[in-house]
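The data blocks that follow each hold one structure.
Below are two complexes that have subunit A in common, paired first with subunit B and then with subunit C.
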Partner chain A sequence: MSDARPQRPGLYYPKMRTTWWLSRPGYVRFMIREATSVFIAIFLIEFLVLVHAVAQGPDAYAAVVGRLASPGWIVFNVVALLFALYHTVTWFLLTGVVQVVRIGDQQVPPALIVAGAFGAWVVVSLFLLYWIVVRS
Partner chain B sequence: MSEETITLEVTRYRPGHDTEPRTESFSVPYRKDWVVLDALNHIKDRVDGSLTYRWSCRMGVCGSCGMMVNGVPKLTCSAFLRDYHPGSIRVEPLANFPVIRDLVVDLDDFMEKLRRVKPWLIRETEKPVSEGEYRQTPAQLEAFKQFSMCINCMLCYAACPVYGLAPAFVGPAAIALAHRYNMDSRDEGYRFREPVLNDSVGVWDCTFVGECSVVCPKHVDPAAAIQRSKVAGAKDWAMSMLMPWGGKK
Partner chain C sequence: MARSNEPFWWILFSVGGVVAAFLVPVHIVIFGLAVPLGWVSLSHAKLLALLGQPLVKVYLFVLIALPLFHWAHRFRFLLEDLGLYGLRTPLAVLCYGSAIAGTVATLWVLIHV
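Then we have the complex of A and B:
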């Protein structure tokens, strides 16, 4: 992105305040969605550390799990989960706008696209829940 | 009984005199059927003839009278005083644009971008007039009709923080109009518009804030046009990777 714009004399060029994102609820919701990436990135690092510990053996794994059981990490994981849910829900709600599906001459109603995304999410989540929790 | 009034806090800027805009308050008669534009016209006719702003049709069609009303981009011919009364109304020039005078902004930047996306029907070869018109089915019309409703009012640019922070961004209305022609079954100009849309300042600059579609008075939904252009661009890229000798449209 570039803000290089030749400025013509006599005109007043407004500058955006650093607090611009507080001026409209839609901007705030957007910034929260952007901020979710920070929490998800930290969670992914946490996850990679966990996977690395698994490769190192049972003792290393137990040590990492022990550290993650601290109140600070539990709070972080709950917050990261809430941000991930917020991102997922807001993104799925937009799929109807972004993806146009046509069957013959008819456009599939956007609500159906959104419902399909949520439906697939629920199915995958239930499958993972069964696979991880019930089978183990 | 004294007449009920409402206060308008209007941004004033005189080029050559002011280094930055200032605010001037006007007390105008409050009428339930008046819009902000009526109040501005009252000020210009009765109070201060030097107040400068654009307007034309007064019926939400020409797209001239866009301004910030209490911080929100609005067509002032559609913003009723009754929706703000008894509070005061802040009227400012459209955000993100250079100000020429008072409430008039400079739109040259948009005009250049509009030309860049070639918003007209492009044909590889024109068929002779004797062969008749290019006919379309209702479904083919429906594919682009929504995006053809744009009146170039610039409310979407005023609501777009990406354009405010990086004015090189082609922006919502120009991309919506490019998409309008790309979706038109009569058009064959996608390959001419595609480089503009997939340029570094094209659709990929958009972070999908979505406020352009919220403020659009014609329900064009430029955010949808931008995201759909991203999908088309990504498909093109994937095809060119899979079939480097024949995948491009």
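Then we have the complex of A and C:
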């Protein structure tokens, strides 16, 4: 690196209104996609509280499950599930664009990669459902 | 000139995104809906036995901690996109800091099982 390097110029931010993303459906979908992470994070903290309750004992576990059965938490979890599924779908669709897989000189078609991701997701989900609910 | 630390956070964002995409929906179905609504019954003894397995602890750490960094990255830029670019650095510290705090909390819970 040379010492003559100019100082990093300030980044340019165009002035935009807070509601800029409402102007096009694509922008709204982008913001929904970004917002999915908020619901996923809140669920994971809720889940961590549940894990902690299991560690504390049967009474603590029953109390947390009882709280999660309240209408407010059920509604939240339904909404969180929808957002989580939106994240899954958009993430897998992007995988087809981002992840280039080659076998020899041939590029694997992106649609196949997306289909593979969805297939793997179904298998993993069914396995976890079986392993946690039925087998354990 | 300091190098950008962006790639480090981006990798955590990316790996967290994969974990969230594959694993989070089924956990919401089981622990957010099926158990509270009584569709299935998972006894405390069963879950405690599961938690006692080291591999399950590693799994839970990955499941909870990595998507928190995914959240931190997205939420940071979500707030910037809503016009808070003047607060760029404080927002980054707040978001990644929260994810780090969540990671420590997760470790603490899993170690104290």
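Some points to look at:
Assume the second predicted complex is superposed on the first by the 121 of 136 C-alpha atoms of A that agree within 3 Å, B and C clash if a C-alpha of one lies under 4 Å from a C-alpha of the other, contacts with A are read in each partner's own complex, and residues count from 1 in each chain.
Basically, a contact is a pair of C-beta atoms (placed from the backbone, for glycine too) under 8 Å apart; a residue touches a chain by one contact, two chains touch by 3 or more.
Treat the numbers as computed from the prediction; the structure is a model and nothing was measured.
Once chain A of one complex is fitted onto chain A of the other, the partner contacts of A:I74 are limited to subunit C, with no touch recorded for subunit B.
Contacts of A:V97 after superposition: subunit B is touched, whereas subunit C is not reached. In the superposition on chain A, A:G26 contacts subunit B only, with no contact to subunit C. In the superposed pair of complexes, A:M16 makes contact with subunit B and with subunit C alike. Within the superposed three-chain model, A:V133 lies in touch with subunit C and out of touch with subunit B [touch as defined at top].
Contacts of A:V108 after superposition: neither subunit B nor subunit C is touched. Of the two partners subunit B and subunit C, it is C that touches the larger number of subunit A residues.
Once the two complexes are overlaid on the shared chain, A:S37 sits against subunit C while remaining clear of subunit B. Applying the stated touch rule to the two superposed structures, the overlap between the subunit B and subunit C interfaces on subunit A comprises residues 1, 5, 8, 13, 16, 21, 34.
Within the complex formed with subunit C, the subunit A residues making contact are 1, 5, 8, 13, 16-18, 21, 31, 34-38, 40-41, 43-48, 50-52, 54-55, 57-58, 61-62, 65, 68-69, 73-74, 77-78, 80-81, 84-85, 87-88, 91-92, 120-121, 124-125, 128-129, 132-133, 136.
Contact residues on subunit B toward subunit A in their complex (touch as defined above): 13, 15-16, 18, 20-21, 71-72, 95-100, 106, 109, 137, 139, 142, 159, 161-162, 164-169, 201, 205, 207-211, 214, 221, 223-224, 227-228, 230-231.
Those residues of subunit C that touch subunit A in the complex are listed here as 1, 17-18, 20-38, 40, 42, 44-51, 60, 63-64, 67-68, 70-71, 73-75, 77-78, 81-83, 85, 102, 105-106, 109-110, 112-113. Those residues of subunit A that touch subunit B in the complex are listed here as 1-5, 7-8, 10-14, 16, 20-21, 23-24, 26-27, 30, 34, 94, 97-100, 105-107.
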